[in-house]
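Below: the structure, in structure tokens.
Every chain is named by a letter (A, B and C) in the order it is written, and numbering of its residues begins at 1.
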Amino acid sequence: MSELLFYLDIFGTIVFALSGALMAGRYKLDPFGVVVLASVTAVGGGTIRDLILQTPVFWVEKPYYLYVILITSLLTIIFVRQPKRIPKRFLLIADALGLALFAVVGAQKSLALGAPMPVAIVLGTVTGVAGGMIRDVLCNVIPMILRQEIYALAAMIGGGLFAVLSYFGWSENNAIIVSVTAALLLRLAAIYWRVSLPAFQIVEKENNP
Amino acid sequence: MSELLFYLDIFGTIVFALSGALMAGRYKLDPFGVVVLASVTAVGGGTIRDLILQTPVFWVEKPYYLYVILITSLLTIIFVRQPKRIPKRFLLIADALGLALFAVVGAQKSLALGAPMPVAIVLGTVTGVAGGMIRDVLCNVIPMILRQEIYALAAMIGGGLFAVLSYFGWSENNAIIVSVTAALLLRLAAIYWRVSLPAFQIVEKENNP
Amino acid sequence: MSELLFYLDIFGTIVFALSGALMAGRYKLDPFGVVVLASVTAVGGGTIRDLILQTPVFWVEKPYYLYVILITSLLTIIFVRQPKRIPKRFLLIADALGLALFAVVGAQKSLALGAPMPVAIVLGTVTGVAGGMIRDVLCNVIPMILRQEIYALAAMIGGGLFAVLSYFGWSENNAIIVSVTAALLLRLAAIYWRVSLPAFQIVEKENNP
């Protein structure tokens, strides 16, 4: 794993842990509940990716990820409390950062382990979206991916662009920077201007026998 | 894998992807969200089965399953939109087909990999119900298995009957046809006539200290 | 696995299966739905633990766990129906017992398989809380871990105390008894007196662009 990738992976862990801790603050969890929700959000996607790739789970091999999450949770509890009221958008932006970073990191790891390109794109998407999905499902909130603003597309762009650029021989670092930036800008733009793609909507009628 | 089994597995993937895409249409997802929900529904059960069996996950080995889901999602978006209003029962029937097919396919794969019979029945049930469960949980809907109409039983009948018939030396194809048909008819009958088994119901009283 | 550990593991399976069956009774599931919900609750945590440890899943290797769950479900249906009304606290207490037992059993298995201490504490917590989480998520109920009473802490105390006592050379049986008791008393006290830790609560304000 290149140095850039390592720092981005840690940064993704921090922002997803932050998003989990912020969600925990909405639900008035105690500090240990905060740590659990932050952990699930931060490692959920990568854990599923590693299980599916049948490679050792990253935080079992490198337990320092757990300390990163612990420290992020504690700092969130200490510092986010100070301003009393934080903008609602904080959680969305932390989630967007994590989404973009993990989608690319996930695709990179999958390709490095020999997965074919479509599988790598799917596993990148899984890495990017699954942690936040579990966070939202546990909190009984409709997951962000099921709301209208561009979310699934941003994750797929992240992993997909990385896979394509790597395929065309870009250096890993350049491919990472471009694909993370593309996914992040797309998602942030969707949040900021509330952009959505045209929805697929069906109307169902009851049809009694 | 016999040819029959292969076609049924693909057909199960198609109908579960369809059920996920239809559910996505209820929630007005954008096309990429439709693909995600269709994928989760179609591969969720088999992925959990393969992880538990510690065998390579089927769609990582054979990525064409992903193309099948992609094409199904696109066709659903294109064609289901045309009639404007579709019967509500469409999703239920697609789910029933997938349930019956995957319960038998899951039990077959488990037995073929050497799992003992009770484990094969459980993993057949998991294969049949887990994808739809994840679909429903993500959409914040009570999973079908927790509603009264015969659902868990249909999945167990599918896998169980296949396991028993194989044990008694039936040819694989005959065992598949009989057990898929039994599970499907049972579930469709339950949907059509709204049949339920007698429920286990408890009444709880508050008991303050 | 020591004899004590074996019996506690079976007992944990029974009480979690009971908690799943009681929840099924609230939702008026049919007997097969009861078995499914009891199974998911009883094996969910241990299955995720074994997958993450990449060791064979316990109930695939030892299918008698499935019979224990089946019998517990049937006995629950038969006997819990008799008194017509049971105290609401039954489910909470069964869940607390399972939580304490599985957190310690999970930490022990992780350490025995060579996991470092922080990973063992996390996997103990996962073993203790995941089954109940899945049960609650399937029933569209906010998981107990996200309510205020001490829950995550109890699970961490269970696994953490066991890991620490083992590290300091205590005999396995003594370490098990002390850590299960500590986790259980903590959780039961929190249920009984409705004790909570101080919550982390944030106030968010809308921040339109």
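Just so we're on the same page, a contact is a pair of C-beta atoms (placed from the backbone, for glycine too) under 8 Å apart; a residue touches a chain by one contact, two chains touch by 3 or more.
Just so it is clear, the structure is predicted and the values come from calculations on it, not from any experiment.
S.K.: Work through the pairs of chains, note which ones touch, and then classify the graph as line, ring, star, complete or other.
M.R.: Contact pattern: complete, every chain touching every other.
S.K.: Only C-alpha atoms count here: how many degrees separate subunit A from subunit B in terms of the superposing rotation, rounded to the nearest 5?
M.R.: Between subunit A and subunit B, the superposition angle is 120 degrees.
S.K.: Determine the centre-to-centre distance between subunit B and subunit C, using the mean Cα coordinates as centres, and give it in whole Å.
M.R.: Centre-to-centre distance between subunit B and subunit C: 27 Å.
S.K.: Two-or-more-chain contact residues of subunit B, please, as numbers and ranges.
M.R.: Where subunit B meets two or more other chains at a single residue, that happens at 51, 54, 137, 140.
S.K.: Would you mind writing out the residues of subunit A in touch with subunit C in their complex?
M.R.: 21-22, 24-37, 39, 47, 51, 54, 56-57, 59-60, 63, 66-67, 76-77, 80-81, 84-91, 137-140, 192-193
S.K.: Taking the complex as given, what residues does subunit A use to touch subunit B?
M.R.: Residues in contact with subunit B: 51-54, 115-116, 118-119, 122, 125, 129, 133, 137, 140-143, 145-146, 148, 150-153, 156, 196-207, 209.
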